[in-house]
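Below is the structure I would like to discuss, written out as structure tokens.
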Amino acid sequence: MQITLEIWRQKGPTDSGHFETYQAKAEPDMSFLEMLDVLNEVLLAQGKEPVAFDHDCREGICGSCSMVINGFAHGPEALTTTCQLHMRSFQDGDRITIEPFRAKAMPVQKDLVVDRSAFDRIMAAGGYVSVNTGAAPEAHSVPVPKENAEQAMDAAACIGCGACVAACPNAAAMLFTSAKISQLSLLPQGQPERKARALAMVSQMDKEGFGACTNHYECMGACPKGISVDNIARMNREYLRSELLP
Amino acid sequence: MTHTLDSKVPSGDLSSKWTQYKFDLKLVNPANRRKFTVLVVGTGLAGASAAASLAEMGYKVKSFCIHDSPRRAHSIAAQGGINAAKNYKNDGDSVYRLFYDTIKGGDYRSREANVYRLAEVSTAIIDQCVAQGVPFAREYGGLLANRSFGGAQVSRTFYARGQTGQQLLLGAYSALMRQVHSGGVEMYTRREMMDLVVVDGIARGIITRNLITGQLERHAADAVLLCTGGYGNVFFLSTNAKASNVTAAWRAHKRGAYMANPCFTQIHPTCIPVSGSHQSKLTLMSESLRNDGRVWVPKKAGDARRPGDIPESERDYYLERKYPSFGNLVPRDVASRNAKMVCDEGRGVGSSGMAVYLDFADAIARDGRDAIEARYGNLFQMYERITAEDPYKVPMRIFPAVHYTMGGLWVDYNLESTIPGMFVLGEANFSDHGANRLGASALMQGLADGYWVIPATIASHLAGRKLAPVGTDHPAFAQVEADSKARIDRMLAVGGSRSAFEMHRELGLICWEYCGMSRNAAGLNTALGKIRDLRGEFWNDLKLPGDGSGINQSLEHAGRVADFMEFAELMVTDALDREESCGGHFREEHQTPENEAKRNDEDFSYVAAWEFQGVDKPEILHKEQLDFENVKPSTRSYK
Amino acid sequence: MLNWLARVLQSTLGRKTGMAISGLLLVGFAITHLLGNLTLLKSHEAFNAYAQKLEDLGPLLTLAEVGLLALFLFHIVLALLVTMRSKSARDVAYRVSASTGQKTIGSSTMRVSGLLLLVFLIIHILDFRFKKLMGYEGSEDLAKLVHDRITSPVGLGIYVTAALLLGFHLSHGFKSAFQTLGLRHPKFTGTIQCLGWVLAIGLALGFALIPVALLLGAGGAK
């Protein structure tokens, strides 16, 4: 396959950045990132700077990928991270535009590398159960209804990649934040801190400068793990519960 | 200077050693703990759990990770589950049975006391994770579900769908972030450890490189914990994440920490085969697939027919043929080795000839497509996504891939390396899995080390030794920082023509060819020569873009490849030295007439711990004799 | 209490909640408004009698009107705040943007439809309520005033367009409000979506068809 790539190049956080056009060769069996590996080898051989991009596990679970491909966070395939996207999803002669995830709260650091530390700060604000090592009761002392455990797992499958923010027309981080609030509010272990957690995480999310949800649900469409907007409704409920109930 | 290898295993009865030892350890007064700074390098299961637990106790912790967030370490990719001797299924499990299975599974090359402790604390791990809100699978009654995993005869594996590693890591990460929030942990993301700073023989700090700015940074401390994972990427193609590397461990090794059993590497039999020369990474599929899939290749070498066109009578279900009682469920090492053997005979399938079939046709005919989909739907989907073939219709093609490394830095019972003050946790140490790791045991060990072992044993160092105050202005820091800078400058100055990526791939091929699933003296000697040549080429012909400032991913990678180049030589040396076959280490010279592994307990019942002497100088071998007081080594047989 | 209110209204979720509640109340108003308007289809007298009934409420009507105005303002101000926040949350736009198919025309035109409805609202108030309050000539026969206005070519265009805009706005706004209030459950989310469509289409058609019906001779037109 012969493809034309338009890739966002930005030297550093303060550089204004621009698109560059490259010609690349690919095989249908290649993953999208392997196509970029090959491009980078070519660039290096030509004495040019390779494209910087975040990647690690290359099996769809670490959440490092942070590219928008032809307008889609993680590319055009549903439930697929960029690293699991294959070139067979494209046609010979295609023109592919690659941009970094874009949000003010996730600034570009170089080329396609973005800073997602805002997510960590949202987690630090309350995305945990306060239990010191050694203080836990016997695992079977508190049964958890299977349905709750399953729903909590649905929410917990979030890989923290930020595609929800990237795909949101408002650059909101509701799906990410709600997934964690949901997971812990569904489990008995999360009850004691339920109110404080919802308020603290929502407040931190606002502080980071993410946008406001207008319920387009594009986040859910882009999420490689299929996290549902049911979680956003649950977060809203948790928030109201925390603010309204005594 | 050579160390005597004192494992510091406490005396006494196996089952009371850990309790008694914890009582005998000196304690650090709670009020004094904040005076001690502990550096934790790595935020996988071991690192995150250790950093969180130590901060909870009151130590001043600095945590370092190579990623943009501590939630991304490769522990996250573990699928199957975590073992614990809870005996919730009433099927006769116990701490002793988990201990016994792990020792036996490790082919009698691990330390009894460590393994027993691992089994002992396994139950508390589950308690802790449940309390953190880890959404383990549950039964309808609301209690935890278990499954049997990796051929174990009891159901002791706890799991969270196929994402157990992810959920356990996110649990540890949440505990870590709680400490970051409360100020107990200072978090340093996008940092790579460049070197260890040793002052008066004691580990007192590290030099890191800020991967965003390129700046070298000094961190002084009273103890250093390496939780930096395994070295599987020395093979280039492995199931490890791309950033997984040996650098931190290797730097520490060069500063005096012994490297133990580096030839013990685990090859996982059910991975998706290599599809082309551009391949960057191998993907593992849960070995549960072998519960229903039948492994076969054509009887005739070079048979290029499509699988459906090969009649039953011309297929060789070689595992069922050779191991009638275990069949397709033989352990990982046996399954892997046999796949290689049939491929070497020219009977491999697929375009590369380096794959075997894993066929579900019989299972689908027997149980129906729906039943198979319920069991393996997500795996089939993953396979189809990567290969564009439908495994419901065409047999899967699988091939073994490097998956885990049992070897690592040598540690004693305290998890302390041969450099006082430097502890090694998780996959980075050699400690608990011997020559072969059992399924669902890696997560258990990472969390055991971080949650339960190090919080107790770190006192042996902090309360047991008099530590002079050392700051980053100590000349040792300036010296080590200068070393790190010189190394980076040297790489940038080569100005050759070959990329680190390309040379890493070449190194991987050498290791896989000669030090992979089966090894022999001639091949290993060949490998030594090739590795040295390649290393020479690396330092003479490396091409790097840019400079040392700002993000330079090529430079980061080159630094890791440079260390793999040196490490590979030691791995091969260790494989050459170990004249026996055990676990993941198969020496062709040491096999039975039926091609089974022949262990040599008489001469090789020891941990091989290597001491660095300088690049291009032979390392010195130290042996820690393994004494089996409780379990009598026997031959593994799956016939 | 004031602190609490300030905190809630500074939070994105608080503001969204405010929008959702005010939006739903405004939907309620739109429904009663439509029902009242239907009297015009019966006869001018019926419409004027209905208007007179409202006038007879005296101070209660004033109170209701002020409340209604406040509700509109609240909804609009919060919308502006939320929009400004979202606009600033993405400082560099994508060169290419695509949809995963979740967005609808209704959801992506909320801001435009909302702004146009605001413009319409001003015209609408100037058209009728303002004239009535100021005692303009001809405002005593409200039915005639309305009839003439909404059947004139320009008036017809404005009022039918506004009705359709309201439909668009509600096609997303109604179900969105329930989501924002956390009222989502497999058992009733489908029903809410259906109800949203029924309301959106019902209100749009209802308001739009009144002038059309009048032109066709309903309400005993001249």
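Miscellaneous remarks
We call the chains A, B and C, going by the order they appear; numbering starts again at 1 in every chain.
The definition used in the following text is that contacts are C-beta pairs under 8 Å (C-beta built on N, C-alpha and C of every residue); 3 or more make two chains touch, one makes a residue touch a chain.
From a predicted model like this one, the values you see are computed outputs, not experimental measurements.
Chain-to-chain contact here is organised linearly: an open path runs through the chains from one end to the other.
Relative to the whole-protein C-alpha centroid, the nearest chain centroid is that of A. The greatest centre-to-centre gap from chain B, using C-alpha centroids, is found for C. With centres defined as mean CA coordinates, chain B is found 27 Å away from chain A.
The centroid of the Cα atoms in chain A and the matching centroid in chain C are 36 Å apart. Computed centre separation for the pair chain B/chain C is 62 angstrom, with centres defined by C-alpha atoms.
In chain C, there is no position where the chain touches two or more neighbouring chains simultaneously. Only residues 49, 52-53, 56, 67-74, 76-77, 86, 88, 124, 126-128, 130-144, 160-161, 163, 166-167, 170, 173-175, 177-178, 180-181, 187, 189, 212, 239, 241-243, 275-276, 278-281, 283-284, 385-388, 451-452, 455, 499, 501-502, 543, 545-546, 550-551, 553-554 of chain B touch chain A when the two sit together in their complex.
Within the complex formed with chain A, the residues of chain C that make contact are 4, 8, 10-17, 82-83, 85-104, 107-108, 110, 172, 175-176, 179-184. For chain A in complex with chain B, the touching residues are 11-12, 27-31, 33-34, 37-38, 40-41, 43-45, 47-50, 52, 54-59, 61-64, 80, 84, 86, 88, 109-110, 113, 115-117, 119-120, 123-125, 127-140, 142-146, 149-150, 152-153, 156-157, 159-160, 183-184, 187, 189-190. Residues 6, 17, 19, 68, 70-72, 76, 78, 97, 99, 102-105, 108, 167, 169-172, 202-203, 205-206, 209-218, 220-222, 229-230, 232-240, 243 of chain A touch chain C in their complex.
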